[in-house]
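All remarks here apply to the structure that follows.
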Amino acid sequence: MSGMGTGRLLRRLLYPRWLRSGRVALGLLVVVAMLALALLAPALAPHDPAAQDLTLTLQPVRLGSAFPLGTDGLGRCVLSRLLHGARLALWVAVAAAFGAMLLGSALAYAGGYLGGRTDWLIGRTVDAWTLFPPVVLALILLVGLGAGSTHLVLAIILAEWPRVCRVLCCEVRKGMRRDHVAAARLLGFPHWRTLLLEVVPATVPRLLTLLALEMGSAVVMAAILGVIGLGVTPDQAAWGQMIADGRAVIHQAPANLLAPAAAIVITVAGFNLLGEGLRRTLEPRPVGGRQ
Amino acid sequence: MTLLAALARRLLVVPPILLMASLLLFISVRVLPADPAGMSLPPTASADAIAAARRQMGLDRPLAAQYAIWLGRLVAGDLGRSVHLRRPVTALLAAAVPATIELAGLAMALAAGLGLAGGLLLFALRGEAAEMLADAGTTLLMSVPDFLWALLFILVFGVLLEAMPFTGRLGPALLQPGGTGFLLLDSLLAGDIAAFRSAARHMVLPAAALGIAFAPPIMRVLHASLIDVYCADHIRQARLRGLSPTRVLLCHALPNTARPVLKLMAVQFGLLLGGALLVEEIFAYPGMGALLVDALRNADLPVIQAVALAYCAVVLGIRALVAGLRLALDPRLRAR
Amino acid sequence: MSLLVARGLTVAARVEGEAVPVFRGLNFALAPGRVLGLVGESGAGKSMVGRAVAQLLPPGFRISHGSMEFGGADLVTMPPAARRALLGRDIAFIPQQPLAALNPLQTVAALLDEHHRRLGVRGRRLLREYARAALAAVQLPDPAAMLARYPHQLAADQCQRLLVAMAFAGRPRLVVADEATAALDVIAQADVIALMRALQRASGAAMLFITRDLRLAAGLCDELAVMHAGDIVETGPAAQVLGAPRHPYTRCLQLAIPPMDGPRRALYALPEPMPGLRALARLPGCRFAPRCPVKADYCLRSEPPLAGGAHRSACLRPGLVPAIAAADALSPPPWRPAGQAPVLVLEGLCKSFTTGAWPRRGRVDAVRDVSLRVAPGEFVAVVGESGSGKSTLGRLVVGLERPDAGRIVLAGHDVGAGDAAARRYRVDHVQMVFQDPQAALNPRRRVAAIIAQALEAQGAKFAVRERRVRALLAEMGMPLELGVRSPAQLSGGQRQRVSIARALCSAPPLLVADDIMAGLDISVQAQLLLLLHRLRQDHDFALLFISRDLPVVRHLCDRVLVMHRGAIVEEGPTATVFGWPRHDCTRALLAAVPR
Amino acid sequence: MAGISRRVLLGVPLAAGLPADAARAWAGGDDGVTIGWPSDVPSWDPNRRFVPDAQPIFKMVYDQPLDQDPRLNLVPSLIARWQLAPDARSLELELRDDVVFHDGTPMRSADLRWTFFGRIAAGHRVDTAHAWRMVSDIETPSATRAIMRFNSPAPTAPAWLAFLGSFVVPRDYMRKVGLAAFGARPVGSGPYRLAEYQPRARIVLERNDSYWGPKPALRRVTVEIMRDTATRAAAVQSGQVDLTISVPVREVERLARMPALAAELNPIARVILLQVRDDGGFADRDIRLAAHHAIDKKALSQAFYGAAAVPLSLPAPPDPQAHPDDFTFASDPNLAIQLLARSGHSAANPARIRMATTKGQFPADYDIARAIVAMWRQVGIAAELEVIDYARYFELNRANRLPEATLYAFDNATGDPEAYGGYLLNPNLPFSPWKDVALGRKATGLFDMADAAERLAGWQALNREAVEIGACIPLLQSVQTLVRRKALAYRPYGNGWVLPQTMEWV
């Protein structure tokens, strides 16, 4: 049982099957690019995103100038705010998606594995929780918790976890019905190992897919809350906030609205492509025959 | 009979779910670092008045008892009065809820229509090069949130082309016909064609923004379930019986996709209501979302609670409706 | 004048970018009113012939040459609309999975009306009459109630009767039945076969009967065509083909089937599975050669022609065929001293399940007051129709279900309590082999890890596990390198062997096997039976063998229990029960076995 | 400023190029108008809350005892004649006899008494209770005569009769239906009556054809509540509303270039200022003064008002009466840094305060607030900005719960200096977050002063002192932005009123 050749192993590790999909590659490219921009924002941004110059408001887009994407109504550099906004957006996306995933999947596994009353209770909790549109719940929580990126993440986690839980619950129940889970139990595996070895692996593809899609929806959610003006503090550079500001100056400096809007669309598209691609490569579906 | 029994069976779980939702709302409002008594009164209220309100609301009692009191009031239909607008919350809801349902319903219908067309198109293109393109298109479409569509539509159709109104529910010089609060219905009942036209025109842009944003998931699910269904034996058998492709699609394949598509639409409706929140705000459309945002800005606790519960009730109603539809469409569900 | 004639029909499949010839110029002819049986194991291409008739090939397959003529017109080159006009009217299909083949949203009435309307029947009253007549023709009782039902409310055989009725409704000239009874219970299978035969005779239609059950084909068909890897290897009148096979494949298949009468004999197990699509490209000569017991070197190089008169075979060495025989004789079960304490005792075991939902909640007794004993090393079969409670009994024994009443005593210990101690005890004393090996093996673990699961659960060291895996793989007759494969890379028979190896890993005294032969090909089944016989010699285990297949039971088990509606209705040594059945249920089961 | 007509009343009707919804208003000779307004009425009880922006809406449904002309002089309205006693302790009034409420009952002196005394004595929670707290009684010798009696000199009483909340409500109707029903179906004597009210959304008013005064030209007025500045600008551009106010100055410049629109920038009798508290993070005078010095008012005016708003050093408009030229408060960040250093604060260790602002209530309010926060950050004041609703501002102010600093445009429709310093800084009144009694006592003393010149000098000194101790941070004179169809004529008022009864299509 020496295992496969080192070359194949390396190839599998470095260039796994799921990466060979065009969607995944493109989505990953976009997401990684966005992440790089966000991480390097302090170095890349030409200005302090909060620095205002009231004598230079609403400068137009001029790529070679000090303000490549112009300035906003307070004379702040749009490009710098966009880059720093990416930091916030991606931090929120990653943290909220992981948080929702942890909470949702933990409950899904518990419910799906234990079954019976636990499952019923978790299922009904999810039902009740999803009666609130996520945005509504996040808004209410956010008003209570107060603005700030940590609170934003928390609010999104609390609003989004039931969706993750619901999807995963189905997967876990489906997995639990498979005979190899019964076999593992008959062989005397402790519960946690049965869960970890026999049930969880089958749900990993769906988990990854959901993670990517959740990141996209967290970006949108943060933007919605920002546009309403409740997400982050007014001086924080956030895409939603920029869109809200940009609306007022759409005729004078369209880049103020278009730049953050484009950033949101591109980022969300990146996450969606990634999620969609992962779903297709990790959970292949049949293709209907044509006549 | 089976249908009714199956429906009744599903309705049995509604009370516990509602109870849980109310508990959730109660807790999430209670964890807010705010004093419900203080928030239920204008800031001008004196300390004595607040203390009196605390006693009256039972805030000096244990949390469980507080919940019981609150629930008791709720069941009795007492939603309180808006602190900020100084009106009974029920009156505010009566105006806002139909507006939102009307908008969301129209948007959902639009999304379903677009989703159906798009899903069929995607399905028709399967296996061809154009499929990749159409698929990439839907992914991109899916990545544009509803509020960006709203901003775009205002800019293009409202301001540049001046083709469509984009604020409020009704044109000027028109009075809102009374009745149910569903403007389209009321104006038709009142025979007020001008009001109907105006109300419909006012709903076009917000409904389109929401509808377009929520169509791509429907497209995808329809497409995927069509592909699934076409793998099913009964479709092959129908083709082997010599049925025409159109008949196979319309009478055998499409009805069998109703189950996943309806399920998705039930889930989507909740999200759509959430999306409508900001879209209403952008279009100055006086619905639940605008009411909630307003109440949140003014820390108007009775309104926040009532609107949140109203959202629950609407979502629950839609779920019940969809469950009924699915039961009516799918005999297998009735049996279980 | 033949009705259906295939002339040089060549189907190619696209596998990883290269075209592989699946059919290499298939030729056959079917005369009106005759029944042609297409037999062979799965992967032989039988179904593809049926699909070629309707031109509904799976994605990636296409007809590259040749013709398929129906009544003189070529179905391959015919415009789709013309072909569609024939389907359902002149050419009817009876599918494999009757329940899945019915639109779940249509009532029986809607379905029949749709079909009759297509056949040109107009008017409500007339449609209703036709529907009733169709139901009556296939002996479906209570037409009024039946018409209002949905497919999920029907039993599988009722669905199949319905589909048979629809197939014959248009007075077809050709009926294609693709494994039409594979999904049915033994008794229902016999009924439906009889019905199809009767309707075929009455209507004078020709029938293409596709099956892998050689015995079934023998009873029904006028002519047989044995297929292997896309080739027709032998064809001719059924009696001649089966009476004096001229192709080693036909002979091997016959020898692989456990007989229902006569003495129990050893089975012949074909080595190697049927070559897959990918392998076909590298088999220019006789595609059976790699499995053939009488092959010569030249067989691998040259393609044998289908030669002969009425009875033709595609073998270069037909003379050697009659000499093929099973290698070993059937060994008797190992001797055991009498009066050993039973390994399993069930006393008054009951289990019921709730069915339906409020307000029509009911309970159904799956197992009613079952008592039995299994001696160490004894192979006991549990037979019965589906729904008779066999599987529930098995799940109760291993502890996947908790009994409502009664005792389960495993090697002297009562384990009915289902507490932690009982669970631990069970792990060492009883294991289960599941019906569907694909579902029973975790697709994300390696074969070696799966086999050693029992030791893993006990916390055995890696070296110990590895030794055990090596030993078990060898015993199962599987090469060592399969250990690093994942279950998805194995064939069905290999998977079932892995499943057995896993159950035997901790050497439990009792094994429960739940219908482990279902869905396996004849040769794979023979291999497994051989394996079980051999394991019985080497390992000391008793077997509770749950099965629907009486010939297999007869071949393998010492004692048989017949279950009917949750209760054991007859019990005794296999030879006695099969030779002199006393209960009606047993008789019906025995009568339904095709001979 | 180029291209912006100031107070131009002419308009040229346009013939084509308008969408169906908008075309009806003027092309067809239809007599209605739609107005985009930034806020709703707080309630339909006009005495209840002093909300300057609701004033023009109330003035359609209700009448005030006295009115103001565009130059803010007092003119007769419900009261034909009035006479303030020399000691300013009583006010004699003579009412018109031809005024009829919308429900058909005539307006009598009893209604006046009810409005300014009776309902206050009855314990109604109305803001007029503060404004008219000095009324000891109102005598009504006849149906058309009334004498207000004050328990302290009330020199500004006539001005107050034309100011916030002073609307006459029908006593009998209000008593009969109760307050809640009155709020739902308000009855006044104004030129319009309420036809439809969708809270937070729209108000539709119909002309009162039996109005006693000059008949409005337009039959129907629709007020669309649009809190969002961008929505208002877009709505007027696309013709969905005929007139709107408080759009950003940049939008004014852009919309002024559209042929069908007239866009105006009118300085009005309002002062944009920061209201401050004397406790919390602002307990230290040096920090307050530093906060003031740190603000570059000229830059604010330049950036957000195209330099049209006059920077202020005192909390009063740039009117020589209240704003002597010899006082200026320097914009000097360095000084601010020094002052903060004295209190131990620097950019690294900033003084922490909270600040509130409205958003969309007056042009660029939110932008100004954020710009100030950024200016403060430079010198070492970290302000946490909170956006509050217009109505919430009043609630918080009355409850004394405003944060350390609040950006607000203080309205003084009367133009009298009392209404600035007197209300802004008087801790006894609910308008002031500043609760230090020393300044309040001085203000209270000035209220009772009957001599005009002495009063004026007193208010000047008080305003100056308030700025010097950091009790108030005046910023700019407010500028009203207004965009309308060119064809819609209206009468501009010095206090920013936009009254539909003065509008007509020309």
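Just so it is clear, A, B, C and D label the chains in written order, and each chain counts residues from 1 on its own.
What we mean here is this: a residue touches a chain if its C-beta (ideal position, glycine included) is under 8 Å from a C-beta of that chain, and two chains touch if they have at least 3 such contacts.
On a predicted model such as this, the values are computed, not experimentally measured, just so you know.
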item: For chain A and chain B, chains touching each; value: C, D
item: Chain nearest the global centroid, as defined over all protein CA atoms shown; value: B
item: CA centroid of chain A to CA centroid of chain D, Å; value: 46
item: Separation of mean Cα positions, chain C and chain B [Å, integer]; value: 50
item: Centroid spacing, where centroids are CA-atom means, of chain C and chain D in whole angstrom; value: 88
item: Interface hub residues of chain D, defined as touching at least two other chains; value: 228, 387
item: Of all residues in chain B, the ones touching two or more other chains; value: 127, 155, 239, 281, 299
item: For chain C, residues contacting two or more additional chains; value: 56, 59
item: Chain-chain contacts as defined at top; value: A-B, A-C, A-D, B-C, B-D
item: Residues of chain A defined as touching chain D within the complex; value: 50-52, 54-55, 57-58, 73-75, 229, 233-235, 247-252
item: Parts of chain C lying in touch with chain A, wherever the complex brings them together; value: 56, 58-59, 80, 398-400, 423-424, 426-427, 430-432, 434-436, 439-445, 448, 450, 453-454, 456-458, 466, 469, 483-484, 499, 502, 506
item: Residue ranges of chain B in contact with chain A within the complex; value: 13, 16-21, 23-25, 28-29, 31-34, 123, 126-127, 139-140, 142-145, 147-148, 151, 155, 224, 226-231, 239, 245, 267, 270-271, 273-275, 277-278, 281, 292-293, 296, 299, 304, 307-308, 311-312, 315-316
item: Residues of chain B defined as touching chain D within the complex; value: 42-45, 84-87, 92, 95, 154-155, 158-159, 162-163, 165-173, 175-176, 198, 201, 281-282, 284, 286, 290-291, 294, 297-299
item: Residues of chain B that touch chain C when the two form their complex; value: 5-6, 8-9, 12, 127, 232-234, 236-244, 251-252, 255-256, 329-332, 335-336
